[in-house]
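In what follows, chain A forms one complex with chain B and a second complex with chain C.
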Partner chain A sequence: MTQEITFWVLAVIAVLGALLAVRRRNLIHGVFALMIFFAALAGLFLLLLAEFIAAVQILVYIGAVGILLLFAIMLTERVTGDDARDITSRGSFWGWAAALAVLVFLLLPTIQGADLPQTVQPINPSVKALGFKLMNPYVVTLEVLALLLTAALVGAVAAAQGGEKKKEDAGDA
Partner chain B sequence: MPVTLEHCLILGAVLFCIGLLGAFTRRNAVVVLFSIEIMLNAANLNFIAFWRFSDNPDQLHGPLFTLFTIAVAAAEVAVGLALVIAVYRHFKTVDLEQLDTLKEE
Partner chain C sequence: MSFELIKDILLATVPLLVIFPSLFAFTTWMERKALARIQNRIGPNKTGIPCTRIGLFGLGQPAADGIKMIFKEDIVPRGADKLFHLLAPILALIPAMLILCFLPLEFPWGKFISGKVQAFMLDSAVIFFFAISGLATLAIFMAGWASRNKYSLLGGMRAVAQMVSYEIPLVLSAVIVVMMVGSLNAKEIAGAQTGFNWFVFSPWGLAAFIVFFIAALAETNRSPFDLPEAESEIIAGYFTEYSGFKFALFFLGEYIAMFAISGLAVTLFLGAGDGPFLAAAPWLSVVWFIAKIFGLIAVMIWLRGTLPRLRVDQLMAFAWKFLLPLSIVNILLAGLSHHVIDAYPGPVAKVGAWAVSLVLLYMMAWGLNNISRSTAKPREYLYAE
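What follows is the complex of A and B.
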């Protein structure tokens, strides 16, 4: 019973957070709503007994991605947005229609009553097992991921600096 | 009635479509980026839910895949935001409606 109430509370928070993040005109408010969404999802991961993933979710998403988004917003457009300008793009009706169509399509199996597993196996939560899994069968994946993160870091710095360098060159000439 | 797999999957579908809605209808590039994050998170929720209700959760496939997805998503955000900043330097806007240089006039 407690589990069910927790699920519903977290689900409502997650949906509201995502909706606010997507529809708010003020981008800073949007990012904070997004952080609430990430936190609610971390709670859901805890509820599903994936405690390490919940911790990673908070560390990576709220800690890193949220702050990065805040910086990107502050470095670019006017934060609150111009009231006169529409925040939705041209032909947004088709966007709504497509999103709703995808939702209906995704819910089709549920409407038809698909046969899903109902029982849960007992889990003994252990980060140790996860660590051993990462080191034994998935070590190549882990290394490739490390390489990808390094490449992304270098690429991000290069992409963000590219314009500046050109400007300096023009200034020197 | 306890929490079932259906609950988690429906929640995942709804969150995914909210992200899709944001990506389709907003004109700010940063908002489109975080709509994509919402979609990735919805997919992660599905991975964890399927793992929780699987026959042998000791294999830890769900958490491992989610871990890899989170790492890839973090890389994607870093590169995406760097691109947004580079585009802003060049065009002085992140409004996707105005970034139509490739479109034939």
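What follows is the complex of A and C.
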């Protein structure tokens, strides 16, 4: 009972946050609405006993992606967020139609037809098990991912350095 | 069921809600007194019991401050984003209060009233701690942005840049303890240090503790890392446009965050509730825990009275060129020594590993200090001759 109430409260918050994130004209408001959505999602993960995923959801999506979005907006000229332009464009009808079509013809039949198990196997939601999985069968994947991220980091540093040199040249000229 | 649930929730949360804000009041008094003594002043000494001449060393000062804050006019700038201006101080307080729940504090009344005494017993408490404490950055940015004030926005941007940089050495130094214990559970980490087996008593633990403490100072915007609120440069930074109770909420949030992060430092490195006389009186563990937190807070106050503020380039160079490499090397050394001591039991391997790590860490710190010194050129003025 308590779990159901919690689920519905979190679900409503998540949907409202997602709607606000795409409907707000003010970009900063939009980013914060998106963060509300992420936080509600983390709450839903907690409800499923996936506490590690919930923590990572907060850490990565709110702490990193959200802050990055804010930084990106700070670098644009719309930093004040005042934007009175109308957000609906001419093609909005087709967007609504496509979204509705996906919902009615794809998502709903899949959910209706899904053969969900009525009794759930008891699981041990432990971080330790996750760690052993990451270090044993998936260790190569993990290493490759780490290498990819390092490459991306080095690339970012290289790109930033190149940009700085160009700016100096422009300053001299 | 519902009554039990409510009782558990109250038992777990009310002590945190009562103890830490009252400690906050005491800490403001302690800080003002200590800073005053460092600066050869007396500090608050008049406010004691009202309507009498009894001063009580100025212990009434926090109450007087609180009353003043509540009755002060709440000013919102005309151009401000009204909603965010209101939400920011609230958002600053929530994560700080929330992370207190992850500390392994065991209040002694669990024996008398059956029930849980800790709010969250999560397996991944340490990760949650870092995830949620990072949210305070958002509140500071929100405050700076909503005020529509150049200085506020600058303060907010500085806070975000600083916190993003210092979060990395903070987490990396905590990794060492997680490696040693093999658990992210705060209670297991505390349990692994009983009997004065504190992690600070090993070379890598000591180095990690120092890095952690420095990064914690930066994370909580404490001096010498208080650039987001540097009075001489940007007025008061992100809370320039705040007054009255909203300002008080920022103040409270900052101090609660200090308590929380000191509490994590105590849990990870200083043995949590471990201390003498525990066998005779187990309830002392809460006392030891809070006393250790207070010890760290006292060091923070001492540093604030002693050190000048860093420049922005010094701040960034220190995080990226000194703390980060040092903590990465520290992780390597800790892992190696741990395995060496495990593989060759006996005092020889232990002493050897300790000596080698101590020497290597010292050399690393010395070398990094020499090469990471900020090489700022003389300032070039853009808009002035």
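Just so we're on the same page, the second predicted complex is superposed on the first by the 134 of 173 C-alpha atoms of A that agree within 3 Å, B and C clash if a C-alpha of one lies under 4 Å from a C-alpha of the other, contacts with A are read in each partner's own complex, and residues count from 1 in each chain.
The definition used in the following text is that contacts are C-beta pairs under 8 Å (C-beta built on N, C-alpha and C of every residue); 3 or more make two chains touch, one makes a residue touch a chain.
In this text, all values refer to a predicted model and were calculated from it rather than measured experimentally.
Q: Putting chain B and chain C onto chain A via the overlay, clash or fit?
A: fit
Q: Let me test your reading of the model: by the given contact rule, A:Ile67 touches which partner, first (chain B), second (chain C), both or neither?
A: Once the two structures are laid over each other on A, A:Ile67 reaches chain C alone.
Q: In the superposed model, does chain B or chain C contact more residues of chain A?
A: Counted on chain A, the partner with more touching residues turns out to be B.
Q: Which of the two partners, first being chain B and second being chain C, lies in contact with A:Phe52: first, second, both, or neither?
A: In the superposed model, A:Phe52 contacts both chain B and chain C.
Q: Taking the superposition as given, tell me the minimum C-alpha spacing from chain B to chain C, whole angstrom.
A: 14
Q: Just to be sure I follow: which residues of chain A are touched by chain B in one complex and then by chain C in the other one?
A: Dual-contact residues (chain A): 52, 56, 71, 81.
Q: Spell out the part of chain C that touches chain A in their complex, as residue ranges.
A: Those in contact with chain A are residues 5, 81, 84, 122-124, 127-128, 130-132, 134-135, 137-138, 141-142, 145, 148, 157, 160, 164, 183-184.
Q: Could you pull out which chain A residues touch chain C in their complex?
A: Against chain C, chain A makes touches at 2, 28-29, 32, 35, 51-52, 54-56, 58-59, 62-63, 66-67, 70-71, 74, 80-81, 125-128.
Q: What residues on chain A touch chain B, complex-wise?
A: Going through chain A, the ones touching chain B are 3-4, 7, 11, 14-15, 18-19, 21-23, 27, 30-31, 34, 37-38, 41, 44-45, 47-50, 52-53, 56-57, 60-61, 64-65, 68-69, 71-73, 75-77, 81, 86-90, 92, 94-96, 98-100, 102-103, 106-107, 110, 116-121, 123, 129-130, 133-134, 138, 141, 145, 148-149, 151-153, 155-160, 162-164.
Q: Please name which positions on chain B make contact with chain A in the complex.
A: Per the touch definition, chain B meets chain A at residues 1-11, 13-22, 24-28, 30-31, 33-35, 37-38, 41, 44-45, 48-49, 51-58, 60, 62-64, 66-68, 70-79, 81-86, 88-90, 93-97.
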